[in-house]
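Below you'll find a set of structures to go through.
Each of the next two complexes has chain A plus one other chain: chain B in the first, chain C in the second.
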Partner chain A sequence: MEFDKKSLLKLGKLARISISDDKLNNLSKDLNSILEFVDQLKEIKTDQVDPTSNSLYQKLEVRDDKVDTKNSAEDILENAPEKEMDFFVVPKVIE
Partner chain B sequence: MKDSYTLKSLAVLLENNKISSKELTSEYLKNIENGKDLNCYNTISQEKALIDAEKSDERRKSQNLRSKYDGIPIGIKDLFCTKGVATTASSKILSNFVPNYESTVTQNCDDAGLISLGKLNCDEFAMGSTNKTSFFGSVKNPWKSVNSDNELVPGGSSGGSAAAVSGDLCVASLGTDTGGSIRQPASFTGTVGLKPSYGRVSRWGIVAFASSLDQAGPITKTVEDAAILLDIISGHDEKDSTSSVNPKENYYENLNSDIKGMKIGIPKEFRSDKLPASTQKSWDECANLLKTNGAEIVDISLPHTMSALPAYYIIAPAEASSNLARYDGVRYGLRVKGNDLIDMYEKTRSEGFGDEVKRRILIGTYVLSSGYYDAYYIKAQKIRSLIKSDYVEAFKKVDAILTPSTPSTAFEIANEPSDPVQNYLNDIFTVPVNLAGLPGISIPYANDENNLPIGLQLITNSFEEQKLLNVAKNIEETINYSETPEKWWLK
Partner chain C sequence: MVAQMIEDWNLVIGIEIHAQVNSKSKLFSSSPTDFGSKPNSQVSLIDAAMPGMLPVINKFCIEQAVKSGIGLNAKINKKSIFDRKNYFYQDLPQGYQISQYKDPIVGEGFVEIETENGQKKIGVERLHLEQDAGKSLHDQDPNFTFVDLNRSGIALMEIVSKPDMSSPEEAVEYVRKVRSILRYLGTCDGNMEQGSLRADVNVSVNKPGNELGTRCEIKNLNSFKFIHAAIVYEAKRQIKLIEQGESVNQETRLFNTQSGETRSMRSKEDAHDYRYFPDPDLLPLTLDDDWIKGLQETIPELPDQIKERFINEYSLSSYDANIIVSDKATSKYFEDVVKNRNPKLVTTWVTGELFSILNKKNLIIEDSPITSKQLGELVDNIENGKISNRQAKEVLEEMCESGKGALEIIDEKGLSQISDENEIESLVDNVLNSNPENVKKYKNGKDKLFGFFVGEAMKLSKGKANPKIVNDLIKKKLSQ
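Right, the complex of A and B next:
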């Protein structure tokens, strides 16, 4: 597949990144170049191979169910661009 | 400032009261000020560093030291969250972010009494191999070619970390390595860069790029210093479920450069006509040197080496697109006003991320999207299994593997290729190590015909950092590389 203007704008929607018209040409050229590069993997046979998502073969430990006092609402809200009481404020979503 | 300062030598000077932590910290702060042209630091913690140094001097007086290295100042890549000190990942989207918590690695450094001089410049979100993707501008390599006055890239993404050590703007630094981001800049700057095994060092509190590949590690002047800093930062952390429960070793104490009887593998797939003659020569010479020192050189094959880079450029962007979804203008970081919630997300991310980060998020989103997930993402993970099993087989035959660190020495900032794929090729020798989760180290071996450092890479099996450091120490002792850049930035 090739990235054209339409597919690139759709991808931008999925990734929540707006793409301006003047960037479209260069971006599609770059992404097509990357895609062409990774497409060489198609030539390698992998039918009998299991995927590896993580190189560390270790059982995940279950931690103790203890209460701690870290991560207070105040701490979590400290860097919020906009806040009110104990809430993050975002533009209105429900009319 | 003496070029011979190391963590090891400074510990002795402090112990013998030849210098105080405050004097030492002031000296480095002065070097940082004089080296501003190198653009190594995003944040200089002038005031805090001096206060911390005074506290260290008091601990020394009252014989209440946190470690032998208490009072030594180091630099920290701007990817580690540091309480009360801006942590930007060299991105506009985090340019106003001041964490109220401390990463485990930097906490470990603090627990050992190390002092932070500030936060080091890097590629934006650690995505890049030249440091040019930083929102705060390129870092300049302290080295210059003897044949040109043009500025060179320091490598990346830990370019500030490597350049600062090379230019004496700190004695040692912390970096992170997802596909070569410690080893490649170390190679370009004549420093030692160690990427530990996946799981050896906690990732908690480090701005995430690709969580199954990211590891923090030291950049230092010597192999001994790399062992010292690894001792300080490594170990299990209950806050990172992927940190290993394998007990850590005393890497520095157990350093032993005797390599008699060891088998060192030379992988034929790393050979290339495109490799500069001087790099090939260093690689061959180093193999001969190890043979002279008692090791056996074994030709090995890692058949899937050439598939590592394309697999990496599916897996790393896929993980990055998930990790960077959190930057949405809601909880922290930049917010750009929009007409509604979605518009706010899109504008914030469009203005906040640079071009390379956007490219990777878009590629990652694509390979994870419905209809392409199996063809790209799962396929790449299967290739990852093949790469891992190449190394499993190789380590049945050899103790360590020797390769060049990079396909070239440092190049001019102005000559960076515009095609992203050409840039990705910088990491061709380092990426397989991350995919397989292995430890790797780059050490300076010699300088090329332009007087630029050539780095060689050693790789061992998972959690065999001790063996890795031992072989590296053997090479270091034998060649005694002592080249330092001319300090052109001191006018």
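Right, the complex of A and C next:
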């Protein structure tokens, strides 16, 4: 799989990461070498294997529907760069 | 009016319902789910997506999803997978929503709705579990958006229909029906005002015989009225575009509840832009046959079954039965009253007088000022002839105001109807004996005087005589 510059810019946009032109070449090269490495997996024959989403042979752990409030609003907002009236404050998002 | 405008066009409507699971804690964390709490007071480190947190699934939410699936006549998938749906937004701290993509917990099913042309089956594509996002407030400050994460991580069931609806009325009926089923099951409280149940509606139009048109999705409709209005507006908008030679863009739109219009929100990113992949924090969810069977046994009687039973057991019309079973509390109330009483009379008093009182006072039946037991007592007194229908209305109003029982009010007001034949006979004799002239005229053919005799007898009884008995007796006496 070839990771071209256009796909890279799109991926950056989706993650809201800006990629400057001078970094574009190197990043693309890096990503391609990672993909090439992972591509080796394709050599394994998997037509007899069911699709697997997880390689652990365990059951999903579940919990009971019990409420446990561990944090106050103050705690959770402690790391917020901007806060007001118990809200996180972020730059205006216009839809 | 709608019909005229869109007469030559087909409407194709599909709906995604987001129903909040009726759980005390969130889907993957133990934070509470209470509505209207102080902002960010119900947020754990998991909900805030702090590094190193592990989601652990709420067993109750799995059960509710499966129960809902059974209620929607759907296939329960014994293996389902949680995926990450990646997108960047300020009210999504993880940067992805945990949802289910290719392998949902519930597969295909259907619900039946009543339409103008009888019953119609609406296909359900799937039901899956996912996290709700936080809430953004854009109108608090001109330069900033405020974010409350209390809702972040609450369990939602997304129920996706097939594009089987072809009018705004059918769409509303479908959402009503799904809501009713979930409420009967107790899996979602269905409170649309508080956002516990909201709908995204996909609408497209095409000319009969032509291929399907391009669809638009209208997001987050939280009332039946808005669902109807948004579809009407959107269909007209699309038809107008096509008739002007323009084309419809596939996009997500918002419905403005003030203006009744829809406007473009953003071009919906292609599905693969969400870069779904199985969440490595969560193993596949597997369900045992025995466990599913156990849940099946807890499923209560659902509206369709109750409706059928009401029609068979109480000879209700399909129309009346529909009204009564559409709400769980109403059918329970009806059933409490109707036991050992005349179903027709009970239906009239529940769907007629009681409903009009509730409407007037803007109350739901759970908060009815008149209990089912009290209404039963009133109906008893109509049935045994103690009071007339007209008097009963008076009594009901008084019951509402004072909270007193029917019998107490009847006694207090001296309303009790006279049904004793001997007593009424002496009244009638009295009337006929004091009006010999009129009796003569009547016997000579002046039929109209019949009403006069009845009126006199009723007057004499101070309105308490059973009018039917009065009528019968006068008829009998005058024909002798």
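Here, the second predicted complex is superposed on the first by the 74 of 95 C-alpha atoms of A that agree within 3 Å, B and C clash if a C-alpha of one lies under 4 Å from a C-alpha of the other, contacts with A are read in each partner's own complex, and residues count from 1 in each chain.
Keep this in mind: a residue touches a chain if its C-beta (ideal position, glycine included) is under 8 Å from a C-beta of that chain, and two chains touch if they have at least 3 such contacts.
The model shown is predicted, which means the values in this text are computed figures rather than measured ones.
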More residues of chain A in touch with chain C or with chain B?
B
Name the contact category of A:Pro81: first (chain B only), second (chain C only), both, or neither.
first
So, does A:Pro91 touch the first partner chain B, the second partner chain C, both, or neither?
both
Let me test your reading of the model: by the given contact rule, A:Ile34 touches which partner, first (chain B), second (chain C), both or neither?
first
Which of chain B and chain C A:Ala73 touches, first, second, both or neither
second
Applying the touch criterion given at the start, work out whether A:Val49 contacts chain B, chain C, both or neither, answering first, second, both or neither.
first
Taking the stated contact definition, name every residue in chain A that is touched by chain B in one complex and by chain C in the other, in rising order.
14-16, 53-54, 56, 58, 60-61, 63, 76, 82, 88, 90-93
Under the stated contact criterion, what part of chain A meets chain C in this complex?
14-16, 53-54, 56, 58-73, 76-77, 82, 84-95
Inside the complex, what are the residues of chain A that reach chain B?
1, 8, 11-12, 14-20, 27, 30-31, 33-42, 44, 46, 49-56, 58, 60-61, 63, 75-76, 78-82, 88, 90-93
Which chain C residues qualify as touching chain A in the complex?
23-25, 30-32, 38-45, 48, 56-62, 81, 86-90, 95, 103, 136-138, 140-149, 254, 265-266, 269, 273, 275, 278, 280, 282-286
Along chain B, where are the residues that touch chain A in the complex?
96-101, 198-199, 212, 238, 241-242, 244-245, 304, 307, 309-311, 313-314, 321, 325, 328-335, 338-347, 349-350, 353, 358-359, 361-363, 365-367, 369, 372, 375-376, 378-386, 388, 419-421, 424, 435-438, 462
